[in-house]
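Below you'll find the structures, each written out as structure tokens.
Each of the next two complexes has chain A plus one more chain, namely chain B in the first and chain C in the second.
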Partner chain A sequence: MMLEVEHEGEMAILRFAGRLDGTTVRQAEERFLPLAEQGTGRFVFDLTGLEYISSAGLRFMLLAAKKTKTLNGRVALHGLTDNVREVFEISGFLSIFPVFSSREEALAYAAER
Partner chain B sequence: MEGSGIGSTIDVAPDLREWTAIRQWLESFCLASGIGRDIRLKLELAAEEWFINVVTHGFAGKADAGRDSQDAAEPLVRLGIGRKRDEVILELVDNGPAYNPLERKDPDITLPVEQRPIGGLGIYLIKNLMDSCRYERLDGCNRLTLRKRIANKSRQPSEGGNEPDDAGSGT
Partner chain C sequence: MLLKGITVMLAAAAAVLAGFVLYLRREWKRASVLQHVGLQLNSTIRRRELLNAIMQTAADTMKAEASSIILVDQNSGELYFELATGDKNEEIREIRLQPGEGIAGWVAQTGKSVLIEDAASDPRWSGRVAVRLGIPTRNLMCVPVVSNGAILGVLQVINKRGNRKFTRRDLRLLEMIASPAAVALENMFLYEALRETMEHVRETTAARERMESELRIARDIQRSLLPGERLAADRMRLAARLLPAREVGGDFYHFFPLEDGRLLICLGDVSDKGVPSALFMSTLMIWIQAKAKTGRTPAEILEAVNREVARDDSTMFATLFLALFDPRSGRFLHCDAGHCTPLIASPEGVRALSTRKCLPLGAMPDAVYEDGEASLGPGETLVLYTDGITEAENPEGAWYTAERLRAALQDHAERDPDELADLVIGDVRSFAAGRSQSDDIAILAVRFAK
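Presenting the complex of A and B:
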């Protein structure tokens, strides 16, 4: 898996590519948790390049949702591929995460006060 | 796996580092059997959820199980896959303690984020992504048989001629 972090103001944009599974999820946690601990509560997850997610990846997503909630922040997703969207849908995650079709909408939502 | 339509098997150690080998094995079977990306990703997901469960719970991380103790059987973690016409069969076998994952209670997917427990989605995903799942305890082994139908547009008997290039290759 590839994970790039970009900062825009007080927002962090995490760009995922490849596979978020039981063997790669720790990388995601290692990037995300320090940001949350420093108080970053506003995130955009760009999943355009994410081909595959398993329950280990969902576990990370839920952790991120819970963390940002306690920080009074927000996490917005965009760019879900068909396979990832299906896994989110089955798991009921489409009602947990605001999912947008464009990066701009996701950024605007995450920045909203 | 006799007579069950299984075309290829792989034995691995109960160690998460084996996941890459499993994934590569699945990918080559799918390529050779004309199984497309969408179905392949679902099969990979089912295999991963099962494998992680077996390694972390069934064998509780004991990659060396059986080496120290003379009584303990050598751990067996075996995956088999086959294609029968428009169906893929994935057979997942381990000799860990008897456990039927299909009896696990489904998670409540309607809970709000604060109340959603972390975890517990793996088996639920398998059940939802496969067309049928069957569990048996057989000869001291857990055996999970998963079936997934392949939409094969090229096989409609009423449609003569013009088949796409990848039509039911090599069966």
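Presenting the complex of A and C:
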């Protein structure tokens, strides 16, 4: 899995590519947690390049949702591929993650006060 | 004249003899010294003791004030002191020299011996050792310690006692001492490597045993929770199978009759593996059993269970499908906590059960659950399963997929639930073609008789 981090103001944009599963989820946590611990609460997850997400990957998403909640922040998703969208849908996770069709909308939502 | 000649000859002979005796005595002494050295150095194989023995022997034999053995780090080429004899030995234990640094470095690099009669005036002397030793170095000898062509280190003696100087003969003797020292060091390194290997083997074996026993515990918990593999009530026949993966994946199912004659069935998948997931699933099953007994609907049961298990600081969750089934009418209420969409199979076709998607159990403390209602027609079978089936991989890495599952169910829709479950698992297995199962496989089939 590839994970790039980009900063825009007080927001962090995490770009995922490849597979987010039991073997790569640690990598995601190691990038995300320090940001959250430094107080970054507003995230955009760009999933355009994400081909697959397992239940371990969903646990990471849940971790992100819970961490940002404690920081009064928010996570916005965009760029879900059909596979990934199906996993979010089946698991009921669409109800806790705002999903947007464009980067601009996701950025705007994540920045909202 | 003759007498004088004889006298001269005798005197010469005596001189030769005396020289020979001196030579013999020196050789004997040298041989006995070396034998003594050999005995000293073979007395131990432990690093500290051996290095001490080498230094002590070298210092004693050479009548030197101090001695040190400096080893070459075979990876970095650096030289390092383990410790040294003399009263300042505590202070030089940690010294490391760059490759080629100082006299020791030069000797280790060139493999040549060095005899320095006046250390202060030799430019090769870095001063570093002298400073750390705290002994003013007047003179010294330094020889390489070589085994099988590899320079293991250098042996150094400092300051001949009694304010005297080291000689060429002293240097040759030190070179001779270096030879058994090299053999002893080589043995020490072999012993250390062997011990390290043994330690590594011991650790990995212990780790594996620990893991194996954790796997066993997880599997035992998982197995002990299962209610069995089949049940029959009125017009309903139920069969379930669970095949744990090597590293137990957290699949589970449950079924039991309620007081009103309905049957609770559920099948789920914990988002983790091993013992934590086994414990989470056992907690869930206990809560489900407890909350189901008071006339609640599936959504009410799951909402109550979720309140017990969900925490803000945890990300452990389980997807689950739960239904309360009336075995007389085929009607059932159900709730879908983020689980794989159930399928309904009949000879006419396979369709997905339409559900309202709710969050997995444990995901969010304030999650809301909603009921759905459906019914099985005569001859229809409701099939619950986990993604261990749809994501089973073949040797090429391709998935079994939901489409193949639908096709298999279509093919065997007339079968009773036991046969159906076994046929599906057989089909998954033949698709996997020997590729090892990476996740648990669970399936539960409920058929409403014609």
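Just so we're on the same page, the second predicted complex is superposed on the first by the 113 of 113 C-alpha atoms of A that agree within 3 Å, B and C clash if a C-alpha of one lies under 4 Å from a C-alpha of the other, contacts with A are read in each partner's own complex, and residues count from 1 in each chain.
The working rule: contacts are C-beta pairs under 8 Å (C-beta built on N, C-alpha and C of every residue); 3 or more make two chains touch, one makes a residue touch a chain.
Since the model is a prediction, treat every value here as computed from it, not as a measurement.
Colleague: Which partner does A:17 reach: the first (chain B), the second (chain C), both, or neither?
Modeller: Neither chain B nor chain C is touched by A:17.
Colleague: Check the residue A:51 against both partner chains and state whether it touches chain B (first), chain C (second), both, or neither.
Modeller: It touches chain B, and chain C stays clear.
Colleague: Which partner chains sit in contact with A:111 here, chain B, chain C, both or neither? Use first/second/both/neither.
Modeller: Touch status of A:111: no partner.
Colleague: With both complexes superposed on chain A, which partner does A:33 reach: first (chain B), second (chain C), both or neither?
Modeller: In the superposition, A:33 touches no partner, neither chain B nor chain C.
Colleague: Tell me which touches more residues of chain A here: chain C or chain B.
Modeller: B
Colleague: Kindly classify A:59 by the partners it touches after superposition: chain B alone (first), chain C alone (second), both, or neither?
Modeller: both
Colleague: Check the residue A:91 against both partner chains and state whether it touches chain B (first), chain C (second), both, or neither.
Modeller: The answer is both, since A:91 touches chain B and chain C.
Colleague: Which partner chains sit in contact with A:71 here, chain B, chain C, both or neither? Use first/second/both/neither.
Modeller: A:71 sits against neither chain B nor chain C.
Colleague: Which parts of chain A are touched by chain B and by chain C alike?
Modeller: Common interface on chain A, chain B vs chain C: 22, 55-56, 58-59, 62-63, 66, 90-92, 95-96.
Colleague: Quick check: in the complex, which residue numbers of chain A touch chain B?
Modeller: Contact set of chain A toward chain B: 21-23, 51-52, 54-56, 58-59, 62-63, 65-66, 69, 82-83, 86-87, 90-92, 95-96.
Colleague: For the complex, give me every residue of chain B touching chain A.
Modeller: It is residues 16-17, 19-20, 38, 41-42, 44-45, 48-49, 52, 107, 109-114, 116, 118-119, 121-122, 124-125, 128-129 of chain B that touch chain A.
Colleague: For chain C, which residues are in contact with chain A within the complex?
Modeller: 269, 271-273, 312-313, 315-317, 319, 336-341, 357-360, 363-364, 387
Colleague: Which part of chain A faces chain C closely enough to touch in the complex?
Modeller: Those in contact with chain C are residues 22, 55-56, 58-60, 62-63, 66, 70, 89-96.
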